[in-house]
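Working notes, beginning with the structure itself.
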Amino acid sequence: MPSLRRTGRRVDTVERGRGHPYNGLRMTAESPEGSFEELQQRARELVDAGRLLYGRGMVPATSGNFSARLSDGRIAITVSGAHKGRLSESDIMVVDAQGAALEARRPSAETLLHVQIYHNYPDAMVVLHPHSVNATVVSRFSGDELVLRDYELLKAFPGIDTHERTVTVPVFANDQDIVRLARRIDDYLEAHDPMYGYLIEGHGFYTWGAGIDDALRHVEAFEFLFECEICSRGMERS
Amino acid sequence: MPSLRRTGRRVDTVERGRGHPYNGLRMTAESPEGSFEELQQRARELVDAGRLLYGRGMVPATSGNFSARLSDGRIAITVSGAHKGRLSESDIMVVDAQGAALEARRPSAETLLHVQIYHNYPDAMVVLHPHSVNATVVSRFSGDELVLRDYELLKAFPGIDTHERTVTVPVFANDQDIVRLARRIDDYLEAHDPMYGYLIEGHGFYTWGAGIDDALRHVEAFEFLFECEICSRGMERS
Amino acid sequence: MPSLRRTGRRVDTVERGRGHPYNGLRMTAESPEGSFEELQQRARELVDAGRLLYGRGMVPATSGNFSARLSDGRIAITVSGAHKGRLSESDIMVVDAQGAALEARRPSAETLLHVQIYHNYPDAMVVLHPHSVNATVVSRFSGDELVLRDYELLKAFPGIDTHERTVTVPVFANDQDIVRLARRIDDYLEAHDPMYGYLIEGHGFYTWGAGIDDALRHVEAFEFLFECEICSRGMERS
Amino acid sequence: MPSLRRTGRRVDTVERGRGHPYNGLRMTAESPEGSFEELQQRARELVDAGRLLYGRGMVPATSGNFSARLSDGRIAITVSGAHKGRLSESDIMVVDAQGAALEARRPSAETLLHVQIYHNYPDAMVVLHPHSVNATVVSRFSGDELVLRDYELLKAFPGIDTHERTVTVPVFANDQDIVRLARRIDDYLEAHDPMYGYLIEGHGFYTWGAGIDDALRHVEAFEFLFECEICSRGMERS
């Protein structure tokens, strides 16, 4: 699979209410028929991902959010407040590449974090933010970084072909000011490469992939590894 | 969603065998056709909620109970002794606003706790009482109050828009004398506002909402948070 | 529900290959049509119970066994070696009241433990022996007896109407000599009444009921309580 | 069930790209119709096993691999990189008895470990390699060997008819050089008999059986026992 390379572009604002150019295209909600079919397909994938993750207890009580980048640069993202385990395709709305709504609805409150990932990683086409017990608990006991080592399952991440590599998952303090949080994340991303995902303290994790299968594989891998870490910590005290 | 405001009215008696006035209406089991359809709809919601919660291990061995307030003030509530994971609509009966049965059947033994919540919170239309392992265990190690802080998921509760708020969940000692238990709960409710739910030691928790989706979201949020607390307690000992 | 009273009769032998009288009836595999329908119905209940318990991880790898007492005193019991999560009605065979096979097949190796329960408790019509992780683990850390106290869910057992009662679950050392094990259990049963179930160390638990729903409710209650005990033990060390 | 006897033949090479003789048959992908039906049947069993194990969280994020030995000595094995919970029959390919691909596709990276088991155990017809949290965690806290004792469920393994036997599960350090890993495993197998399965540190476990039901029973038994061990370790610290 392609590695997800960073571009270095910083995103820290969200402009609301107007179409914005991206890659030379003017974007509006009414795009040619072909891209509407693409939107429907991406929406269905996110709806199905929501059911799958809900069945595993990873998106309780309207938490979490998902998005997919369309080929014209717009982003399909879950609306604010929807229960992610019971989505319908109408719960997926469209924002532009800066996160500005292209419909008269509110996108996820964390839209900017999705936008930021797409700007930094041109190969990322899907961003998933689950909110599991394992992620929440491990985020509170890992300091600034969780270092995962000696797990065969690290090979689920792109570019890792041995269990002897380590994967470092930063833990960012939670912040209701999303712009400020995005800046802190951007600073970390600039200093560290490659990146596979990150934790927000008491708030779950973000991961991404080249498509829905890729992103879900990363979710499964992180969730497994978080559970191993928590379980192992319990064993260490014997 | 509307905040659930307290009225301050105390309920500590259950009068059986007569219709009782509430908001000016005289209530009997035989109400106009429209309210029978409403009863059926509320009953179906409670039946479905029971299956959902049973699938998650939250209502084992006939434990737990659910209710919904009808628009005329009567309360639809699970009958005593039914297995909450295998309810049918005939397992939902009707009581009046004071909890007196309006049919020749026994309502849940904890009917008065439901009645009390409806009297204190005019916006509450559904009350759910699950009986999970997480709630049972956390209730035995939290003293008089469980304080939940720094969880993003606290925003699942009405009126909380930041993880920096805390949600305090009182833990009441269990008591087979439901009238006496209701009095203790009433004293606490009068002294504390807002309230999102409470634990009864060794006996699960009560929560409520403006409708079935609202109440189930609160159940999911509490269950998630209880599990995080138990898991975190284990991590702290490292 | 009727209380399950002990008779005091001791069972410590298994006679094979002949029909045996019980309550004046001579029993053979070929009984009148009505009792064959009863056998089919009891078999279906056990098959369904197996699927339910397997779905909850309680009968892994052909472990566990189930039986039901027929109205003529014969016992329908799972054959030896069948996977209890994938039973078909043909996996249920018939033995007499002493456990002797009435067909050319091998009944469960633990048939005598089922027979013993039916002899001691005239009201017991179903015996279930699950083999869960919770039961296996709690049996290794509870000494000779596990005392369950202050759980509201104790009210799931017959005759208990308050959380202030205790339920004592004896833990018998495992033994491949089933006759010897049955004797030890019999001695305990004679000295203790009422009884709701028992644990065999490293080997799961036995419980019973007046019918399949009753017995399954007891299984659910015990499994819940075992999990609470294990979880609580972890919390106590904080 | 037949015991799985070792032959003592060492396998430490993988020759690629040519058909290889085995038991006098020259093997190619195009074998007579009968063996194609056998291949389809074995493939379906492996596909179903994948769904079952995925539902239990045992093959996350494309981890794990499965194989079945065909009657002509060829081996049906999962292709490299497929998600084992969402296999289709086309994800099962054929290699020869030394593990060389008989199609233009890449078999599992751990093919040699499957081949080695078939060479050592003539009665083994299915090899399953799950990758569960329980196996991963227990492998990191068991030193070189995990000794399982006093569990009734040990009787799920062939040749064990009492809980008083012990089953020793070796833990091999992980190694990306599969040939070198296979040699270390071979040395252990030569010195120890019987064997039921083994753990690879941070990498899951291998087990096998005389058919798919046999192998799945061993998977269920090991997974259950690993979970008991982890849970018990937590209880010991009280």
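A few remarks follow.
For clarity, chains are labelled A, B, C and D in written order, and residue numbers in each chain start from 1.
Everything below uses one rule, namely that contacts are C-beta pairs under 8 Å (C-beta built on N, C-alpha and C of every residue); 3 or more make two chains touch, one makes a residue touch a chain.
None of these values were measured; they are calculated from a predicted model.
Leaving out chain C only, every other chain stays linked by touch in one piece. At the interface between chain B and chain C, two copies of one sequence, fewer than half of the residue numbers in use appear on both sides, so the contact is built from largely different positions. Ranked by separation of Cα centres from chain B, the top chain is D. Here the C-alpha atoms of chain A line up with those of chain B after a rotation of 90°, rounded in steps of 5. One inter-chain figure worth recording: chain B and chain C are separated by 35 Å, centre to centre, where each centre is the mean of the chain's CA atoms.
A separation of 49 Å divides the Cα centre of chain B from that of chain D. Contact with two or more other chains is made by residues 234, 236-237 of chain A.
Taken as a graph of touching chains, this assembly forms a single closed ring in which every chain touches exactly two others.
Counting only pairs that meet the touch rule, the chains in contact are A-B, A-D, B-C, C-D. Those residues of chain A lying in contact with chain B across their complex are 57, 60-63, 83, 131, 133, 136-137, 140-141, 174, 176, 200-204, 230, 233-234, 236-237. Residue ranges of chain C in contact with chain B, taken from their complex: 150-153, 156, 161-164, 213, 217-218, 220-221, 223-224, 227-228, 231-232, 234-238.
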